[in-house]
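The two complexes that follow have chain A in common; it is paired with chain B in the first and with chain C in the second.
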Partner chain A sequence: MISVHHEGKVGLVILLLLLFLPQVTAAFDQAYLVSTATRILIYAIAALSLNLILGYGGLVSFGHSAYLGVGAYVVGILGFHEFEGSTFLGVPGTLNAWVTFPLAVLISALFAFLIGALCLRTRGIYFIMITLAFAQMIFYLFVSLEQYGGDDGLMMMSRNVFSGLDLEDGETYYLLTLIVLGACAWLFRRIVDSRFGRVLQGGKQNELRLTTIGIAPYPYKLAGFVIAGAGAGLAGALLANHMEFVSPDFMHWTRSGDLLIMVILGGIGTWTGPILGTTLFLLLEEFLPVLFHELGWSLLSEHWRIVFGPTLILIVLFARGGLHALLFHEEE
Partner chain B sequence: MALLEVRHLRKSFGALNASDDLSLSVEPGEAHALIGPNGAGKSTLISQLSGTLEPDAGEIRFAGQDLLKVPAAKRAHLGLARSFQVTSLFPEFTALENVALAIQALQGHSFSFLRSVKSDRSLHEPALEVLQTVGLASEAHRQAQTLAHGQQRQLEIAIALALNPKLLLLDEPMAGMGAEGSRTVVDLLQRLKGAVTMLLIEHDMDAVFAVADRVSVLVYGSVIATGTPDEIRQNPEVQTAYLGEHELHVEG
Partner chain C sequence: MILFIEQLLNGVQFGMFLFLVSAGLTLIFGIMGVINLAHGSLYMVGAYGTALGMSWTGSFWGSLLIALPASALVGWTIEKLIIRLLYTRDHLDQVLATFGVILFLNELITILFGRSPLFLSIPEELSASLEILPGLNYPLYRLLIILVGLLVAAMMRWMITRTRAGMLIRAGTTHREMVEALGVNITLLNTGLFVTGAVFAGFAGAMAGPLVSVGVGMGEGLLILCFVCIVIGGVGSTKGAFVGSLLIGIVDTLGRAFLPDVLKVFLPPATAAGVGAGVSSMLVYILMALVLTFRPEGLFPVKGRKAA
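Then we have the complex of A and B:
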């Protein structure tokens, strides 16, 4: 086990090693794994953002994939209008990542602001239910948008253009995603250690005391909710480009549930736990069916979730503090 | 002019009048104790002063301001700080972080997202000073939830004290403490006396008479007497209403 004091250094070393993943997979003739890795990195960003409010703020948001979906649709819709040469409410489409990414982040943050402003007036189970309800409303909103493919989703003709970078190249796109994840991990750590972060954590531990020392928790919880929504929007923009496709499935409530499980699996309220949890979750999801197929267990290969679910439950039950607690130990 | 002026305060829960035409004033600089049997309405008064409960009628003025118009979170900024009868800390934070958060609250808004608090001396130096005052400096880096009960009570007072209050509301600071722990807190309150105005709600009569300049007696939601500790001890009305009963029950 490693002391949490070295968590940052360990993380940085792993990040640097991951820069060479494309070469390693190419050497073993498994280059398709770069795409799997990119998907993991993208969801890790969403899980990190959820962890800010869930782990540090104690806010169980059951609608986090909605903001991811909104970010994805901003990219998808702008791409659609660029291809069609039409406009969205007078705004022309674009594939310029310098425009689409900031817009995806901003509009997700705006959705999070409006929804958070209402949801955060409730607590506990009501908060969980109302965040879920709003996420479902957004889900059905996009299902109803026939122009953008309705529940079939929207194909993108090409990825965004990032000045000088060829994002169509899987390896380049992987490296970009890796750097964005690294930047997000650094940023969220800074936020947790800031004055704002202290207030957010204080509100989770004892809201009454926070109020009586003179800090009204509501604006801080809302700011946290907006930052988390913006983070999910960034992940959504990356996911849309990665898949070259957006769909209401991105924001289905089961996707919000997956994000919660990723965070809990990795270690709620820990720095790198959400990244660990996302990695294990998506690796199991991808390779369990393959594994059973290779073993010739066709029934399990088809119904791999029968093994997937209990595995997650066992890890959560027996590794309290998640994967993070298996790797790192706290020091007094 | 009184620092705190409570006039004709009323608060009922159904048929129970927890505050029944309650009037009380605390002068600047004094250590004012409020005693009363269980169920007299002490906690209800504290909740109304700190803003977690709204009175049905009456008036509370603090430092010349109408306190009832000030939301709970703003009252700390006016100089009204409280401690809790049932220990109310930030259990996962260290003792130092608990006090530092109070100092952070005092310094204004906390919308600072990127600067680390760990290296912020403007928070930790004054926080350590407050911990020294209450005698907890040696435990500064221990998590609040791992502290002994007596130490948690000291931290409870430290958080309120860190707010540099004009009036310190102490809700049974000796609650659940042994003889030795109580003595530590009484010593602390005697040291603070004069430097900070206190309204002390307490069951422990020895502590009250050792610390208070003036004592008010609350019975069935209203103050039946106010005076020096000696006057209160000799007041026949108080003896029948409270002290006699108190001795009979041998407070538990």
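Then we have the complex of A and C:
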């Protein structure tokens, strides 16, 4: 058990060690793991952003994958028009990451602003249902965009171009993602510790008190919702480049559920918990079938979700605090 | 005009499915304070139960004898094993635990029935059409669904406003602790309500079986639409669920049928088809946004109920 005061230092050390992951996996002839790791890092960014509103703000958003999908589609659609040489409402396509990434973040934030402005008028159970419903709306919106592949999604001809970096190289892309995750983790920590973050946490505990001391919670919650949406959009832009493919499947409502699970599994309302949770979740998703296969339980290796579902219920019901509570302890 | 009436009836019929599922959902939330994502899975269980029953008994009516008890049993098990532990938990825990139930049931159904969707046929005696208006033939089976839906709604209304159980349900929605303090066995009431809701959802699934393809996860899209119905109608209100379901059923069906044509008046045909398809699939959510802007508690908020 490590004190939470050292959480930042431990995180930094692990981050530095992870810089060498490509060399380690290459040494063991398991280079494909770099791609798996990249995927984990990307989803960790999305989980971190969800944790800002879910863990610190107490807002159970069941539609977070929608913003991830929007970010991914911004990259996908710009790439599509660049390849076709056509325009989107007069805007030419591009593969320049200096344009696509900021746009993905901005447009996801815009979606989050519009949806959040409405959803945050409600609370509790209504909020859960409505964030879910609006995410479903965005899902259907992209399904209906025949020009961009509709149901089947959109293949990207190449990854974005970042001045000087070769993003087509898996190792470079992994390192870029790792640095972005590190920056995000640092940024979200700063947000949580700022006055803004304190107000957000205050709203989770007692909105009435906040109001009484002269702070209207609504703008703070909305700002939190927009920041979280922007973070998911960034993850989406990274995911689109990683997969070289975007699809409405990214924003399927079960993906929103998965993101919630990642946060809970790691430790809701903790700093590095969402990263831990994402890592465990995606490793289980990847290796549980393999494990069952090795054990000779062929039925379970195909239908591993039948084990995963009840496990999830048990964790929710009996193991609060998640992985974070196993690793770190609060000091009095 | 004929086409419009036909689509309107289709909308009403879809609304009945939505009502059968959302009635249980809204009552379970209203009285127990539990949000049950797995309610859509009970709809799926009903449909698969019918498929199984059809292959065993060969008759649609016989298969109902399998589908309804099956959904009741699954509902009862879920309530006893999981929902019971969630009454005092926050909504986040309820969402995740019932999400786990969905993963489990979907996978179980996949193991038992395989991944490819099943297609059921409408029972022979109901496959005819009825000329309800000059020039308008409407399938008997769909008419029956509308009729049954209205019957269930009327029965539910009678039960909630006129019987002792209904009185307890109404009281439980607003003053749960008081009902318990007066010596009512609230555990039994909860179980009864949950199983009733499960049977309604299963019944909807059974009737939907011959109209849609029966597949894993078929209840989930419907469940999200039911959330929209409930939010529009007001959580905890069966009247709200009824009105909301009809509204959503009709708006969704008519939007899909006519919006692309309407848009052709304003837009070039190719664009109209694309935009129409996009907007019509978003229509119900836009409707929900409108209702929320003006009536955040829904159209029929339950009086005296604390905002949850």
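Quick note on the criterion: the second predicted complex is superposed on the first by the 326 of 332 C-alpha atoms of A that agree within 3 Å, B and C clash if a C-alpha of one lies under 4 Å from a C-alpha of the other, contacts with A are read in each partner's own complex, and residues count from 1 in each chain.
Basically, contacts are C-beta pairs under 8 Å (C-beta built on N, C-alpha and C of every residue); 3 or more make two chains touch, one makes a residue touch a chain.
Since this is a predicted model, take the numbers as computed values, not measurements.
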| item | value |
| --- | --- |
| Fit-or-clash call for chain B and chain C when the two complexes are aligned on chain A | fit |
| Partner chain in contact with A:Gly11 - chain B first, chain C second, else both or neither | neither |
| Which of chain B and chain C A:Leu317 touches, first, second, both or neither | second |
| Partner chain in contact with A:Pro102 - chain B first, chain C second, else both or neither | neither |
| Partner chain in contact with A:Gly170 - chain B first, chain C second, else both or neither | neither |
| First (chain B), second (chain C), both or neither touched by A:Thr211 | first |
| Partner chain(s) touched by A:Arg195 [first = chain B, second = chain C, both, neither] | first |
| Angle at the Cα centre of chain A, taken between the Cα centres of chain B and chain C once the superposition is applied, in steps of 10 degrees | 80 |
| Greater residue coverage of chain A in the superposed arrangement, chain B or chain C | C |
| Contacts of A:Leu141 with chain B and chain C, given as first, second, both or neither | second |
| Least Cα gap, in Å, left between chain B and chain C after the two complexes are fitted on chain A | 12 |
| Footprint overlap on chain A, comparing chain B with chain C | none |
| Chain A contact footprint on chain C (complex, rising order) | 29, 35, 82, 85-86, 89, 91-93, 95-97, 99-108, 110-111, 220-221, 224, 227-228, 230-231, 235, 274, 277-278, 281-282, 285-286, 288-289, 292-293, 296, 307-308 |
| Sites on chain A touched by chain C in the complex | 54, 60, 62, 118, 121-126, 128-130, 132-134, 136-137, 140-141, 143-147, 253-254, 257, 260-261, 264, 268, 299, 303, 305-306, 308-313, 316-317 |
| Complex interface listing, chain B residues touching chain A | 50, 52, 71-77, 81-82, 84, 88-93, 97, 100-102, 104-106, 110-118, 120, 142, 159, 163 |
| Complex interface listing, chain A residues touching chain B | 190-191, 193-199, 201-202, 205-206, 208-216, 220, 223, 332 |
